[in-house]
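Going in written order, the chains are labelled A, B, C, D and E, and every chain counts its residues from 1.
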Amino acid sequence: MEVLIDIVLLSLLVATAVALVMVRGLIASIMLTSVYGLLSASFFVTMGAVDVAFTEAAVGAGVSPLLLLFTVAVIGRKERAPEGGAVLVKSLLLVVVTGALLIVGTLDMPPFGSPDAPAQTHVAPYYLQQSGAEIGIPNVVTSVLASYRAYDTLGEVLVIFTAGVAVILILASSSHRGSARLRNATVPDGSPHTILQVVGKILIPFILLFAFYVQFHGEYGPGGGFQAGVIFASGVILYGLLFGLPTVCRVLPPPVMEVLAALGVLIFGLTGVMSLLNGAPFLDYSVLADDPVTAQHIGIMVIELGVGITVASVITAIYYAFANQLEPGPN
Amino acid sequence: MSTILAWTSDACLLVGSFLLLTGALGFLRFNDFYARIHACGVTETLATALIILGLLLQSDSATPQFKLALILLFVLFSSPTASHALAKAAWNAGLRPRDNSGKRGIPLPPRER
Amino acid sequence: MLSQLPVLPVLLPLIGAPACALLRRPTLAWVFACLVAVLAFLCTVSLFTTTWQEGVQTYALGGWPSPWGIEYRIDLLNALVLLVVSGIGAAILLASRASVWQEIGETRRGLFYVACLLCLAGLLGIAATGDAFNLFVFLEISSLSTYALVAMGPDRRALLAAYNYLIMGTIGATFILIGIGFLYMLTGTLSMADLGERLPAMGESRTAFAAYAFIVVGVCLKLALFPLHLWLPGAYTRAPSIVTVFLAATSTKVALYVLIRFTYSVFHLEFSQLAQALDTVFIALGVIAVFAGSLVAIFEADLKRGLAYSSVAQIGFMVIGLGIGTVEGLQASLIHLFNHALMKGALFLALAAFILRVGSSNFSSLRGIGRRMPLATAAFVLAGISLIGIPGTAGFISKWYLVLAAAAQQQWILLGLILAGSLLTAVYIWRFVETAYAEPEGDSVIQRNEAPLGMLLVIVLLALLNLYFGFDSRLPVETAGGAAQALLGGDAS
Amino acid sequence: MSLSSLVFASLSVAPLAIIGICLSGSRPNLREAVSILASAILITLNLVLLGQLPDGAVTTWHSGEMLPGLRLELAVEPLGILFAIIASTLWLVTVVYAIGYMRSHEEQNQTRFYAFFALSIGCVMGIAFAGNLLTLFLFYELLTLSTWPLVVHAGTDKARQGGGVYLGLLLGTSVLFFLPAIFLTWWTAGTVTFTPGGVFNADTNPVVLSVLLVLFVFGVGKAAMMPFHRWLPAAMVAPTPVSALLHAVAVVKAGVFSILKIGVYIFGLEQLSAAESREWLLYLAGFSLLAASIVAMRQDNLKARLAYSTVSQLAYVSLGVLLAVPAGVTGGGLQIAMHAFGKITLFFCAGAILVASHKTRVSELSGLGRQMPFTMGAFLLASLSIVGLPPTGGTWSKFYLMLGTLEAGALLLAAALILSSLLNIVYLTLIPVRAFWRFDGRDVPASRADIQEAPLACCLAIGFTATCCVMLFLFPGPLLTLISRIPGAGG
Amino acid sequence: MDVFSYFNYWVVVVLMMLGFFIVIARGNLVKKLIGLNIFQTSVFILYISIGNVSGGAAPILEEGVALYSNPLPHVLILTAIVVGIATTAVGLALVVRIHAAYDSVEESEILAQDEPC
């Protein structure tokens, strides 16, 4: 049964990718990207990677197409016919060579799904067997993410922070530093989205609530700071789409978002510095409490919070920066 | 009792899937944008509801049931709203419904001109 | 606190970047960034001496030992690269103010320094980490910030250059990711030290071969090794002057480090029969890079672009050393890594000063610059002479060891090619000297207009370091020798 | 003063002079006074050094190791002292000459000229006192770089083109041949320090020696061995004092001096004669000196003719070394000195003619002896010295070189030397002869009536060097004594 | 199962190459980024496939479950997804600015406006 679902999903993925190669027009491409993200998320579920699936659904099928759509709204949806001739031949050649190399690489791989493969027998078993005792939370992915490889996660937060800085830097105009201008204009469109606004008003609080649930439930089930941040930001973006950029900017001013983004990273980083100051290695949570397991709990909680804050505020700030490009006015 | 529940659940899932299929068929076969939205929107709302209902009946602990119920609620809100948003966007962009012959059928209401 | 030393150089800019983002005033951000970079450099110096005296320093992040956690393993190679990157980084930030204030708009300056610190943190993180995946993460931090920094260039072509760099860089990073994935599949570990131990046990595996191939291609994209260098000239030319200095002096060095690390620490003895072929490829590509890069540089009308191509050529020299594949070759490569950072740092920084004062890096507008900015020009010439490899400068030491390595392998043709390549360097450096001193002035009256003091001091310092390390080369030579010996073990020499 | 502080003092005169020149740039008189004073001090220092000259080569200073077995070294030895004294003396003379020339020619950027001039002399001192190949190479390259601004002094396109050839050939040969040769020497012998008798073991592979010899001879591009002589005529675009400096004092002499030094202290005569490539290099030198003479004959431009004459005369020195016999070395050493004084006089004369009459072509000089008897007289003396006829110093160098060829049994080369001297007479000595005696019958053209002798400073310099040519013939003793102390010159 | 074991990897390879092809063959700057997205997502699929254990449950510890899938690749890919979206965001920001500067997002049209860069 699992194999069947597997094959179906993979076939759909291939079909989507092929369609992406064939299709012309950016809107269609973006929709296919979204479909691709959703399909791969489903695939991840069948592979047992629920956390990844959650994230991919939020990012691959959500945020990423959203950003693409914003871009297309600015630049237009047209796409020229693809280059033929030499470019095509060269690209095909390159792809075929690379692909062949990859195929050759797969030939000596351990069989798919084998429990005896080195990947399954060397480091991973330690996490599965020891994390219960050492960290004390059921979600092993969170244990590894937030404690064993917390430094990677710090790097990840920094990546998203960097992206925020980069987007704001790139899209900043000469007249303002922040990601958006606060203006008094109301919703520019003549016809208010009454129905959408009503439904939005009902749903958005629940979306935000759900974000908090995901944030703090990450230790027990799929979820965590990153997913929570994305969901929170989606709520904010939805609000912005329905009620206009100025409205949402009044609620969450762009400068505040920038400060929050930095603060999130700092919360994470300074947690590590705390250990450092107490003579333990960076990000060693054991100094946070007397009981090592409790200490791990506290540590994970705090850094997940940092992750959540940064992700939510960076994605919101990126949204502001892009949405600002849509606003008419001197830019 | 459990047998009846199982049967009901299976029936819900089956009908739900069938409705989804018809929705997809309609989406592919109809030649008018609004008709396509209609096909998807209507069937999807019911189909999703049925499928979640079927899953609800299969589950035996409280947490998943609660979550499924929330999802159902969410879908009931979002799915029609999404259809509405699509149709409204198309209308605002100037797209008008067509009749079965493929010609523009419904005239513009005077207010819109 | 001494036990925390290995993590501090990375940690300081890493925490410093978000803190810097909280500062609203650009001047404050600049001061803060400088402070952080200088502190990081001091930590690196201390780390370097510790490593020098006591050998490899390990540091388990989060208290989880490798391979379960992420570990920093600082050996001489790491220490050397860290030293170069943090030293040059600090120097450049200190010198940057005038140039940044001219080229970067008011609204962007504060975040510009945040991005600089992020880039620095990323590069240092790559150079320090002992974990393959952690390396990827920090690679992305440095890359993303670099894309933004390049896009800050004054010309609209900067945007396109940044975009091209983004596409190429991301393809490279994804290739590295694929390689790391294959490695994990084979061995079940991500720690580089652990990988190095477990890979040989896997025997001659095609998966390992593919992994290596993908990592090499990915890194070479970042390294801008010919023919994967296409992004480099655009990015270097269009980026703000300070960013160009920073990239040229640090980023390719780190990429070379990654290449060396993967080739010798992770994959070492495993590709015994393949090594030969691979070495030949490296040498061939290196030689082509040297000649192609230099030739383009000679005929380039824009000095900045010329120097960018010169970087392609110099990377060629480093890769040749790597390709020779002996302790001497590797040592030469590392010495050149060190020296080239000094040379290109001085050259591009002096160029930044020219652009600051003249407004263009075109040869035609640099006429008579030698009289307008005598000290900066002199420093440029000194660094240029070092680039050529005249005795008495650091560049000579690099070339000497490279020639030594080639001679030890009886590769006389290669030796000749290396020398001929150096000669091409002389041509484009001299072209500048000619422009700066001998050409008649343009119609404007030349007035003495030296670079701002802070910038000038750093330029002169870097140029003098070129001289210093030409006479007292113990630091790079012995470090590189030790590092090369440690990497290759008793295998060669 | 100790030996090492003397050497340091010699080396630091030029840098100090540069500072003085730059500081006094706005006041020409003071500036030139600084130059003259500096050169006088330098001569004195070198003479003192000569008085304290120890036997063999004595290392006076060395730096820390730049690379294993490689460091900067300074050493005192007879050949170096000889070279230093010649160079410093001629610096003084050239400065005096330049005062007259530059002022009456109204050249631009004179401060730069004098500063780089001093810098070149500083480099020459470095070359003279270099204790090993690396140090020699370092100063050799510095000399190339510091003379380049002098070559392109005029700043015209033609000057830049000439400068390009100059730099390209000199840098190119040194990087492509000289540097590998140093490397190979270090690789084979383990040291690059100048050692009397050479650094190579008796069992060194002769093939390696052959290769090395070729690399050195071509690598020292300043020796202008054909086919790498093109830079010398190309550098003729420079002002005359510069040409004098390049051809008589600094650059070319640095080249042949390096060759001589390498022959004596790196190879040693025994190992030198073991190198098989010596044979055909000898013949190349022979060919070079003949061919350059023939080319010189065909040049109408006076300076170009002198340039090719230099190419030819330099080949004498190379030939002397390559003979690998004591007389050859002595002849080579003498030739450096004699040619220096002879050629610098010729260039001074050429410059004086240019300043006074604005003539650059040989064919225009007929009859000029009437207007410029002093200059033309000096020209005659100097050309005799170049040819090697009494009563001039050139006689001795040619004599020893002939002796060397005979000692080595190379009769063909002896014939080449004689033939070349004959050619010298044709293309050099005939110029003043025609200027004096072959008057073409017509009256002096009106334009010539106002031609007078060159400025006093020029005449002073010319007179001094011409006198030196004669004095060296009459009193060659001290010079010969000094040269005989060169290891291998058979004292 | 044996045949399928490689089939799975091969499909992933095909997916990766389709993405890669879009990146290098398409001239539209947005389309290139979409291709990059697909390329990266496919690599994620590769990683998750590596961590798959037949019959393994999601790595959330539960009483009575013995076989879990490998959590480590999941952690890595969580990070990689973030990296992916970060790259996309920066790339799109660049595209918006490029459009403002050149009024086009087609590579050939942009290159025609400048000498090669």
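Here is the rule we go by: contacts are C-beta pairs under 8 Å (C-beta built on N, C-alpha and C of every residue); 3 or more make two chains touch, one makes a residue touch a chain.
What you are looking at is a predicted structure, and each value in this text was computed from that prediction instead of being measured.
Trainee: What clusters of chains are still held together by touching when chain A is ignored?
Mentor: B | C, D, E
Trainee: Contact counts by the stated rule: is the higher one at A-C or A-B?
Mentor: If we tally the C-beta pairs in contact for A-C and A-B, the bigger total goes to A-C.
Trainee: Centre-to-centre on C-alpha atoms, which chain is most distant from chain A?
Mentor: D
Trainee: Quick one: which chain's Cα centre is the longest way from chain C's?
Mentor: B
Trainee: Whole-Å distance, chain B centre to chain E centre, using C-alpha means?
Mentor: Chain B and chain E have C-alpha centres separated by 31 Å.
Trainee: Counting in whole Å, what is the centre-to-centre distance of chain D and chain E, each centre being its mean C-alpha position?
Mentor: Distance between chain centres: 70 Å.
Trainee: How many angstrom lie between the centres of chain C and chain D, each centre taken as the mean Cα position?
Mentor: 45
Trainee: Measuring centre to centre with CA averages, how many angstrom lie between chain A and chain E?
Mentor: The computed centroid separation for chain A versus chain E comes out at 13 Å.
Trainee: Spell out, as numbers or ranges, the residues of chain C touching 2 or more other chains.
Mentor: 133, 137, 140, 144, 147-148, 151, 178, 184-185, 190
Trainee: Mind pulling the chain E residues that touch 2 or more other chains?
Mentor: If we look for residues of chain E contacting two or more partner chains, we find 16, 20, 50, 72-73, 76, 79, 83, 86-87, 90, 94-95, 97.
Trainee: Which chain D residues reach two or more other chains?
Mentor: In chain D, nothing touches at least two other chains.
Trainee: So, with touch as defined above, which chain pairs make the list?
Mentor: A-B, A-C, A-E, C-D, C-E
Trainee: Report the residues of chain C in contact with chain D in the complex, numbered from low to high.
Mentor: So the residues of chain C in touch with chain D come to 385, 388-392, 397, 400-401, 403-404, 407, 415-416, 419-420, 422-423, 426-427, 430, 434, 437-440, 470-473, 477.
Trainee: Taking the complex as given, what residues does chain A use to touch chain B?
Mentor: Within the complex, chain A touches chain B at residues 191, 193, 195-196, 199, 202-203, 206.
Trainee: So in the complex, the part of chain E that touches chain A is made up of which residues?
Mentor: Residue list for chain E touching chain A: 1-2, 4-6, 8-11, 13-22, 24-28, 30-31, 33-35, 37-38, 41-42, 44-45, 48-54, 56-62, 67-79, 81-90, 92-97, 99, 105-106, 108-109.
Trainee: Mind listing the chain C positions that touch chain A in their complex?
Mentor: 3-4, 7, 11, 14-15, 17-19, 21-22, 59-64, 67-70, 105-108, 110-112, 114-115, 118, 121-122, 125, 131, 133-134, 137-138, 140-141, 144-145, 147-148, 151-152, 178, 182, 184-190, 198, 202, 205-211, 213-214
Trainee: Any idea which chain E residues touch chain C in the complex?
Mentor: Residues of chain E touching chain C: 16, 20, 23, 29, 32, 36, 39-40, 43, 46-47, 50, 72-73, 76, 79-80, 83, 86-87, 90-91, 94-95, 97-98, 101-102, 110, 114, 117.
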